[in-house]
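Paired with chain B in one complex and with chain C in the other, chain A is shared by the two complexes that follow.
Let's look at the complex of A and B:
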């Protein structure tokens, strides 16, 4: 019941994030990718990890957020980055809410297929509206106003982008952290653990799921918007299955339903991708596949879950929490 | 019988051609201690599912304190005061015993949708849950994961969650099922300790439990009510013996006399 209290190690990701800025000034573009992936995985964790909503189409909301920021900036309608992200959250949230109203009547495989369909429909819509979305060539060189009117986004050197992204995910993370330890978050865990029991204690299960899905979609929209801002580019790939599958792998790798699984998973995934691609440029996905098989066989709860198990077995003895 | 809390009128449920529950007229009074017995497949659990709204009725009505709740959804019926336990445990296995009970209490109090403060700060809900666990002699296990408890104590958590909803009507679907007989007394003690005003309907196969607990017994056979009366009347009813108790019944009733 005291799980919500902050622990000392929770400062580590943020210290590491800042350290990265000073230690690898040449890799800040990569760092932005990493931060965007973390935020996207965090949004998925809320839906999949906490509420148990099985989805393969979370990229839909990432894409909606990216296009919201991208199209507004490309046509010079709105270029301010912070409010731009809020708009991305709002539009993705609305799409999440509307699709959730329909989708969340289903569960399991049906739900999985319907989330995939939603994303595919959006992909085709963006493709057909190529005159506005730029189609597969996308919208390049998006103009983004300086943060707070002062700090310019430099297209060649991503230092401002990196710190901005770090700030955004800190705010989003605090929000998600408050949410998962709240009574609402507890009830999401209850729905995941035993939905029949939740019905039997009078919980409005579907309403809770829709609220959760909407919030999760809005956060994915922020991640998408952030991606468009930090790369100054958006194209159809943001709505592709690749990205949704990747974020799912990230979460499984790191451990779902654990908040920090998104962080660990994103770091490990991108590091694997980076190094494996150097060693086996043609077949790096084979290495990733093997790691995934190992995780599925021996560490169902991901790297964090494995760590917890080892800690409980070999760590210092103490009373039950 | 005193004031009627829960009533059904001509309640039926069909699954395709199968009639699982057939024209059941049933009354449960305030503070009732009522047992529902019958052979396997008699429709007892389906009947509970109709009362709680898990399944819609094909025909007939369910009335709670005279109010027609036939069209009311399950979650709303819980708010109106109908709680149940399950024949097979349906718990939040990954959570602690205390969290299991708090989940129900928070839902009842109406704070379970709150988003912006930690659940652990609601000391009123936690205190109430701990008190409840104390009355069920579960307080020592409050911080243990449910999945770590022996099965008998897990059954108690089922009961704790239902009581945490402060029901007017409590439907117990074989509360002692699967519990080793050495442990079943803890379930029975807990049921006997329930607040008096609650109307309790218990489905049970164990005749010891039925005769110890129930003031009235309804026998259900093939989806319909076959007989109803006091435990002694049911026991003495030759048709019930024939249809339901069979040969095993003699042994069970004999044991009941000794108990």
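Let's look at the complex of A and C:
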């Protein structure tokens, strides 16, 4: 029962988020990227880390969310940001539900292939409809209405965008936190750990997985929508394999199946990428590859898992229960 | 007459592309069938072989045949080292770790290629005997494409015969069907896997070189064609040589037709078809068991 009690250090990421706003006013665009990546990784964590649904195509929902916001804004149909995100969540959630309904009957490599193909399918569909989606060139300079009708998004200076994104991921995070500590969240962990036993105790496994996949897709849709709003831009890259692979790496780097893995992973990955990739891209890719191989071989629970192991070994001893 | 020539041209072009896809993917199918290892880095080995072949021809002036042999041996040797040192540790790991590990390998290969060779596309210089046209009676067609189709067919036939008739082929089939049972009958699965992994990687290397002429050969190769290799393997069915052969040829023809007539997003039909096939038959068209 005590596991889900709020602890003092859980306020730290949000304090750090606010501190970043005041400390690095020139890097707020990068900060928005960071927040979007955290939210996207968090949505993947729900499906992959908690329910154990191994997917290579989570970018599908990110892209759907981004295009929902982007196309509605680009054609001046709907530019209000908060309801825009809700619409993005709804559309991505519906697609997640429909694809989950058919895809989640499979497991392993088949599931991996099906999620990958679904994403590539959407990519090619967006490419085919380039007249509406803008194709590779994308939809630039999306008009986004002021938040609450007051706070304007300044295309040159991302301060409003940053605070808006911080608020959005705070709300989403609280939702995810409540969800994973609920009985529903516990049953997801059970499915990940041993699906046969969950069947045996009469848990409606497939229904749970579909609900989880739908929620995860909706959150990824919010992340995509947020990305379109904060950058005022959307193009085909949101549906690319690169983005799905990156978010997978971010999550695993931080540690999956833990609420804060997405935060740590995104900060470490994006900070390193931001500084190294521009100096010498090939060396960055080489280093990333080596780190991934090492994580897969030795540190399967990512940075947070590594920290926990070290803490258990060298940290203060706990009294026997 | 012209329509016939057009259709024949499309079919031959597609078959040639499909053949390359088969030569690269066949090893992946067998090794994934044997060990259930999700090896996304197979294309990286194909790229490595392709670079060895193209560079040994362009810079060291090897003959075409000698370069192909060198590509096979070099890729197979590298794969044995990788398998012994790294892959082996992850056989019993979850799919997620395997995916992560092989994505990491892809990045390492891409970056090393950029650092060592450079990021430009490598051109394959065909030997004069293969660079002309070949008269098929009713049309003239590129000799190299005909050569690829014939060679691919012979390779498929050879591998199929090995699979169905030889002792090691029987051991592979038994292991794909039921690994525990095969092990308890005294089949050395580890050794079997090393051999098939080396052979499959060598074939991938040859495929990388043979396909360099029209697939292009640049450092992004392993990511660019990753989805196609996986589709060929999963639609064909893990551990099924015939399945991968048919799936690759169909995929090659479809891709050729769709990029010709619907260059923008036409390949959407390939992905839709793949999803439908995998939903109807999760083990693939010719698969022996579930994935």
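Heads up, the rule we're going with is that the second predicted complex is superposed on the first by the 313 of 321 C-alpha atoms of A that agree within 3 Å, B and C clash if a C-alpha of one lies under 4 Å from a C-alpha of the other, contacts with A are read in each partner's own complex, and residues count from 1 in each chain.
Rule of thumb we're sticking to: a contact is a pair of C-beta atoms (placed from the backbone, for glycine too) under 8 Å apart; a residue touches a chain by one contact, two chains touch by 3 or more.
Source: prediction; values computed, not measured.
With chain A as the common reference, the superposed partners chain B and chain C fit together side by side. In the superposition on chain A, contact is made by A:178 with chain B only, not with chain C. When both complexes are overlaid on chain A, the residue A:112 reaches chain C alone and has no touch with chain B.
When both complexes are overlaid on chain A, the residue A:249 reaches chain C alone and has no touch with chain B. Of the two partner chains placed by the overlay, neither chain B nor chain C lies in contact with A:145. By the touch criterion defined above, A:48 lies against chain C but remains apart from chain B after alignment on the C-alpha atoms of chain A. Annotation: apex chain A, arms to chain B and chain C, angle 80° (C-alpha centres, rounded to a multiple of 10). Fitting both structures onto chain A leaves chain B and chain C with a minimum C-alpha separation of 14 Å. Shared contact residues on chain A (touching chain B in one structure, chain C in the other): none found.
Contact residues on chain A toward chain C in their complex (touch as defined above): 48, 54, 56, 102-103, 105-106, 108-110, 112-114, 116-118, 120-121, 124-130, 135, 241, 245, 248-249, 252, 256, 282-286, 288-293, 295-297, 300.
Residue ranges on chain C touching chain A, taken from their complex, read 32, 36, 38, 86, 89-90, 93, 95-101, 103-112, 114-115, 223, 226-227, 230-231, 234, 238, 262, 264-268, 271-272, 274-275, 278-279, 282-283, 290-291.
Across the complex, chain B is touched by residues 1-4, 178-179, 181-187, 189-190, 193-194, 196-205, 208, 211, 320-321 of chain A. Residue ranges on chain B touching chain A, taken from their complex, read 52, 54, 74-79, 83-84, 86, 90-96, 98-99, 102-104, 106-108, 111-122, 126, 143-144, 161, 164-165.
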